[in-house]
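I have placed the structure first, in the form of structure tokens, so that the comments after it can refer back to it.
First chain written, first letter: the chains are A, B, C and D, and each begins at residue 1.
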């Protein structure tokens, strides 16, 4: 990490970038309010930090050996994120450092009518962002893969509905992107690009999505450690895109015998990620539990643990949903959850 | 499960018990305010439920095939626990169905002075029950095994201090019991018998402890599923002791790479256990995280998830503690946690 | 699954395919020596099997509800794979139903000279297929990503060396493909397309690779169950490509404390996969253990468990390797392993 | 670890022991053919090794910080186990450093007739040691707990049958011991004391069993790391009992979806344990797979991995067994397994 002096010139910055690139690495340049920080992307052992420290405009040059340095709190500290925690701004929605942001909507987009109705109802319940799946990354090729699976045309129609519902009810929209070839299409319609848990390990998708320069929502794979989530996030940051929202959605349950939840929600991930990085982190109580009756409790717990937001699946008639019906809440339940979370949010802070 | 009619006589009850015993099973008799329920202990397939249903005083006789029937909500429903949730009473402390009960104290008892000082300070911070380890079930035979390891005399002295500190500051006391031969000794001094996570699978210890007819605090093993925790609790209930407090204290972390917490706290266990059983459940944020800086967040999250209490390690000088210093909070931090939890407790209820 | 009569005409087959497609599914047509089997791809509940059974040329029409039906042993049974186990043929190499096939070579291609020398030495040691990584799917963006990461030109040069080494020493070659955009390029140079463990969940990569109609080597993700491996393999089979080689390479170690191996090799996966599917399965003792001193034992154990082959990393000077040096064996060690495996292979069969 | 000079006197040894005990630790004295080694039990940081090194008769005095030092290969090296691998001798059976020892018999002892018949048949099949469960440590209190659960009398009768069957067919016998109060009773009847996986963490049982000074067979808990298995073995060694046989029997399966085996057999544990300790290690393919059809393959694989023996459940009529029928092999299958393992044993050695 190379910290430039406040009076460093653009020429000074470019000289450092040039030196880094000559050693076969890339350079991530973060221009903060007060300072510019340059993060080398690649194996830092190939850089001569002693030499870099002597270049004009350089204040400090240090090797950082963690696999996630561009998203680390230390990196943020220098360019002036307040309290070293980033707020990701999506239209009028500010995610991070404030009241929990609620992302809600159906698991899968099924029709224009379904989406418009759910959009209206979750908005009324207090949601801030509308979600809806167009491409579903299912484990089985024989399961419904979302309307997007029917080809570009079907995908575009569903994305169009999502955009319309968002515009109609004044909410930014988010959908999951699957397959590098679909990235540009999705980016044309949505405000947040969502990479699902099963695709967390897909470095090439991460890079392609990052390059759209839109906020990215990255979910932790259900077999991944927190360190892996952070290491793979760094693939996004290394493309110069720091508008990353991390999402805890549960890990594979352990032990013999019946599992009462689909996954084990690891809520300590929330304060841990806040401690390690400057990125906001949200929680998905729907996929983690797979049970409508647990979503109220786990939403409250997530906010009490410090989550910057929640992603909740909602449907006016859960029994009708094509995918994941048992984990959807109704708009009324969603409203109850949102109100409890607002009350809890303030109280769970240290005095 | 055999549900007796409200007008069933003692003779009726004994006739059912006799039939069960003749089939090689034992009978657990729970006398509620309105009704008596008899739970067979053993393989119910060996019972003739059709025949039992015809006996005088019997209202219903049904086979229950789960491995935890004596602690199930269904079982409680008949003998009148309010809302099918049990309150375990320890002196003036009521654990379950109310404000979260805070159990606090040092990981290990080190001296009389240490314990008296911590007792005083955690009481002032708002704790309800005093904890202190006398027998430590360590993974390594080469680690400090607690003062109790020095033999009966050392154990008794440490237990005596614990009792004194509890009496002095008006708190019931709890300590972990290790080894069947120590059970009676421990029972003479403490109010709650604690079975540690590593010993959850020790059926014979469970039975020996249960027979003391004192409240039992059973921790989930770090490799156990919730179903296993419930199945092993049933060994306690089958001895006729239903004053069982379950404790979630984290499971082994998953995935490659560095682990930021010692264990993964599975907070969904709280509503799941409330759903499956009538037993109260508490959370141990100290062992699960192993990190003092995460205990505030995870305590708040546990209470928001519905925990009936918390077990928190506290020490006036964490750096001095012989065992687990990095996870102890100071009395001041404990007070802050207790106050936040009180505020949160009410708000995390459904309206 | 629709089993056609031996005298079914092409017209009969096309009629069934047409009916399936009209219901919104795709049809996989497998023409065996004696029989043709048609496997619907998609949600079979949307098909009228009663009706399909009445069409001309149809012998049987049954719903199969597992997520992996096109690769199941039952499916193979009808079109005549001997013993319902497939042999994948790559040039002169026959993988499955015979002596274990040894795939060996360096973890990463580093230079033409390195690759030619290793090619020569592993051939002499008895290897059948040459491996060499051009695109490395690393957890950290800051780690060496393989020569392919430098862009199409670097990738093509490294692939060209691999091809040359294979041709020079008369071995088919295999490399890992990462990123949908690289699939066609890789397919031009190699004989087996390898999808790495981290990318097992990348459905779109699976589909893109399958469409090249070359044998695909799919590794189990280190957090995946066997059922997930099979479900994701089905994405390949559903493209009409049944030349699939599965690879067990270890799952994440469990439990507290130091891990003596990088992963836990799950050798029961070998007979389980042979039982569930007709696909051959190989084992990678190098990545699973991460330890050169365990590779001999685990190779022997894999072959004794029935593995159809092994994938072993080898280098003339492990200490020099850019990636994974500690797990590479020398050509001499490789030879010792291959000879032991040949001896064991015959003896581990049931008499 | 304190290594005494070959000419050290008994007085020299006792002086070292005395110094260790004065520091509050215990001393394990191992007298080898050539040398005596003294291993302190407890926190070695409390010993003054510099001072110990100056005592008469002391050759070397070094701190060893692993949690398993008394069972480590380094410890064995000095007192002359050949190749630092121990052979545990039980009557005429030598376990370790030779042909794999086969322990076979029913899961549970059900009757005298059953046991005598199985004893005869497994002996004829080639087994060396007879097993039979008297106390079954079941997860559910409602499951059959073995004949031993009926009380001391029932236990003693079943143990007596086991002893008779062993004597009749000239095999040492092994049974699982559960509950500290049963230890002495069991020790009177059996040749090997077996501690089951669920009780691996029960330090007090380990100590009580170790003190019987009979060979101990300790199974790895299904949630335990290898390091934990070794750390808990050390509790046995610390009682001066080094006749320890470790047993790999599978860990909890990972990942979503159906599990094809009851546990995941971790065969790399075999060479790892051989590398870390001087103890022999056997494998239990019955409990790990839970499937009769996989036992042949996994037995072959275990022996190829270097296992010193196998523990296999066998019954003349698996369908009749009260416990674990689906995983039992018939005597004929056992014979086939034993013969394959004998053939494999020699071939899986390095040349």
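Here is the rule we go by: a contact is a pair of C-beta atoms (placed from the backbone, for glycine too) under 8 Å apart; a residue touches a chain by one contact, two chains touch by 3 or more.
Because the structure is predicted, anything quoted here is derived from the model rather than measured.
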If chain centres are mean C-alpha positions, then the most distant from subunit A is chain D
The larger set of C-beta contacts, choosing between B-D and C-D, lies at C-D
For the pair subunit C and subunit D, the C-alpha centroid-to-centroid distance in angstrom is 38
When centres are defined as mean Cα positions, the distance from subunit B to subunit C in whole Å is 49
Averaging C-alpha coordinates per chain, one finds the centres of subunit B and subunit D separated by a number of Å equal to 33
Residues in subunit B with touches to at least two other chains are numbered 139, 222-224, 228, 231, 252, 254-257
Seen from subunit B, its contact residues with subunit A in the complex are 223-228, 231, 251-261, 264-268, 270-272, 275-276, 288-289, 293-294, 296-298, 300-306, 336, 339-340, 343-344, 347-348, 350-351
In their shared complex, subunit A is touched by residues of subunit C numbered 41-44, 67-69, 137-144, 178-181, 198-199, 201-205, 221-224, 228, 231-232, 234-235, 238, 252, 254
Residue set of subunit B touching subunit C in the complex reads 139, 222-223, 252, 254-257
